[in-house]
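There are two complexes below, and they share chain A, which is joined by chain B in the first and by chain C in the second.
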Partner chain A sequence: MFFRIALLVLRKDFAIEVKSREILTMTLLFAVSCVLVFAFALVKEGEAPPDAAPAILWIAIMFSGTLALGRTFERERYGETLRALLLAPAPRPALYVGKLLGVVSLLGVAELVLVPLVAFFFGAPFFVKPLLMLLMLVAGTVGFAAVGTLFAAMLMRVRTRDVLLPILLYPITVPVIIAGVRGTAALLATPADETTATMWLAIVLAFDVVFITLSLWTFEVLMTE
Partner chain B sequence: MKDFESVQLNDVSRHFGRRRALARLSLTARAGDILGLLGPNGAGKSTLLGVLSTIVVPTTGEVTYGDRTARRWGAPLRRRIGLLAHELHLYAELTARQNLTFFAELYGLNPAAVVNAALERAGLVDRADDDVSGFSRGMRQRLALERALLHAPRLVLFDEPFTGLDDRSVAAVTDRLRALAADGAIVVVATHDLDLADGLVTRVALIRDGRLLADEPAAAGLRARYRAVVGN
Partner chain C sequence: MKKAFIPLLIATAVVFAAAPVLIAQAPLESTMGLVQKIFYFHVPSWIAMYAGIAICAVASILYLATSRPAADRVAAAAAELVVLFGLVGLVTGPLWARKAWGVWWQWDARLTIALLLWLIFVAYLVVRKYGGPGAEKLAAAVGLFGTAVSPFVYVSVNIWRTVHPLTSVMPSLPKSAPAMVPPMAASAVAFLFLFAVLLIARIELGRQQAAVDELYLAREDGAA
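Let's turn to the complex of A and B:
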């Protein structure tokens, strides 16, 4: 029942996005622009500053992710469809998980473009330890999106939601982003520092568990008017 | 699951910050009733529907569905409630069929068994695979009404159900509401359209500034009664 509902919400969001391509286009455009601005500012005569790549990658994920989160819930605001979801006899945390999976999938697609782009402009060897790098990206994205999905849903009825979302989201997700940057940097080092990367990955995973547990626990209460 | 025969609000108040939307309101709606919530804009009708639908939690007081509160019923109660709100709860980017299929699955229904019949009742069979964004307000309203009734709810809550409807559709909705009440549903309709409410509702609750001014059986001359109790 729980995962059936979550997948149903994910499938519905996917169907809407396939038709409109609104959020994906906007997220990709913003993420790519972000990387291009950094590339033009920092890369001099074909030489990128050392250790810039992980920071730029995670900044692009964080900023474009904020944009995607806002738009995902803006869609539920038209026609008050979130109310309709909450009124259904489905477990409300399942609705949260469905929306979270949608945001993570969207950011996953954005990362498919971002990682090669950052690798190209900043000469970063992202594919030396592909499995660890993939885990780091997935874990960091899930941690960021877990809190973001909760806050975006919570702020849906607030007039100043676009301002409040980053104000609330960034301070709380900063540990995940820092751990993501440090873990990614360890993997991009020559030679790759697997021990350090694994330690940062463990920290990100621990944050994921805490964030998701708290979000599942509080979603129903926070969504009740 | 045993259905409830009545819904009772006991001394329900609801505040939004310092604004009082409902003030110590007590009211009962029974199976077979079409209860009209009548009052001017901002009277608290939509908040009251929100409270009845369990989406809005009262600041004080309680609502009982049969002999149990919403908290005691839990999620199964929501399977017995259908809400047609002023905002239509439809995804504009999806087709009429996709909308109905999604909500049918959300309520654990077999879409094949309910969606086509709902499209037929809404008069949208020919437009079933068109995006809702291209529909007129009346078409959306008819679709939203069927969406709200897909799961054959016991408690039917309608907020201004006649908005955007032409005369024929108004007649169809009116007949539908009467049929629902005849089948034993508890129907609550919030409206400020006294002409349409007159002759349709079987009880009236007159509300102003969140207060219940009168709760009585409907009788002829609803407009005059409304003017006398609520004012213009």
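Let's turn to the complex of A and C:
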């Protein structure tokens, strides 16, 4: 029942997105511009500083993720459809999980473009340890999106939501991003430092568990008017 | 709680009067000399900040669970003190670092994440101020997530190579430098007492504000 509802919410968002492709297009373009802007800022004499690739990748994920979160819920607000969702006889946490899955898969698609792009621009060996790298990306994205989905949903009623979302989201999720950057950097090092990467991955996973647990618990309370 | 205020205020004044004497009598640290005495302000202010975070977390959970306005007022008061004592820590830290490490700021784990934690509680206050109606619940969630991040600050120094002293400095202080224990204890107690006094005063202020708002509303309803 719980997962069926979550999947229904995901399917609904997916159907809308497939028709318009609005959020995906915008998120992707924004992510690519982020990579470019940081490349301009950091590259000196044609050389990027060491460890620039993981930092730029995660910053791009974080920034475009914020944009995607804002747009996802703006759509619900505009159509007044979140009220309908909340009125539905469904457990609230299931709605949250559905929304979270939607945001994570959206960011996943964005990363499918971003990672090869960063690898291409910075000559970073992203595909040496594919499994650990994949785990790192998924775990980091889930951690960021878990908090982001909750806060974006809560902020829907607030007039200043566009500004408040990053203000609230960044300090809380930066530990995940730090761990993501460190772990990715360890994997990109030659030779890849698997022990360090696994340690950072464990930290990210710990944050995932904490954030998702807290979100599942607070979503119900926070979405009640 | 109101009854405890005056005795607590007196106690705070006494400890605050005694602490400087004890700090002055404490031995000079062998390499850092006089500068090391910032220790007696720096560590207690972080202790007070963590006390504030703990209180804010408990009050936030209570508020989310029961929606009692009193819990919200406690959380808000604690969060303000977190920002205040965190600021003291963030100011005394670089002053000490400049002398001990030669730089004002070092981007290492402890400092970065302490700054981050402080920022979360600044964001908490910003949400309360500009969040509009319903911001209390939102703020409570921010406080809760901020608290969830805070243990990371504590362990970060132990897993990440850092220039900041490890957390084990405090428990081992009686062994490594027994003469520093009395002034340290006095400072910690003084800061915690000050914290309690400010907390009680701030909660009472919040209560009175709410009462005044209620009176206004009642009067407007009566006039209409």
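We take it that the second predicted complex is superposed on the first by the 219 of 225 C-alpha atoms of A that agree within 3 Å, B and C clash if a C-alpha of one lies under 4 Å from a C-alpha of the other, contacts with A are read in each partner's own complex, and residues count from 1 in each chain.
In this section, contacts are C-beta pairs under 8 Å (C-beta built on N, C-alpha and C of every residue); 3 or more make two chains touch, one makes a residue touch a chain.
These numbers were taken from a predicted model, which means no experiment stands behind them.
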Query raised in the report: Touching A:222, do we find chain B (first), chain C (second), both, or neither?
Result: second
Requested in this report: Once the structures are superposed on A, label A:80 by its partner contacts, choosing first (chain B), second (chain C), both or neither.
Outcome: first
Report task. Please work out whether A:59 is in contact with chain B alone, chain C alone, both, or neither, and reply first, second, both or neither. Result -> neither
Query - Which superposed partner A:151 touches (first chain B, second chain C, both, neither) - result: second
Query raised in the report: Which of the two partners, first being chain B and second being chain C, lies in contact with A:119: first, second, both, or neither?
Result: neither
Report summary line: After superposition on chain A, the chain A residues reached by both chain B and chain C are 225
Report summary line: Seen from chain A, its contact residues with chain B in the complex are 5, 8, 12, 15-16, 19-20, 75, 78-81, 83-91, 224-225
**Report entry** Residues on chain C engaged by chain A in the complex (per definition of touch)
**Finding:** 64-65, 112-113, 116-117, 119-120, 123, 126-127, 130-135, 137-138, 141-142, 144-146, 148-149, 152, 159
Query - Residues of chain B touching chain A in the complex - result: 50, 53-57, 75-79, 81, 83, 85, 87-94, 98, 102-103, 105-108, 131, 147
Query raised in the report: Which bits of chain A are touching chain C when the two form their complex?
Result: 147, 150-151, 154-155, 157-160, 164, 167-168, 171-172, 174-175, 178, 199, 203, 207, 210-211, 214, 218, 221-222, 225
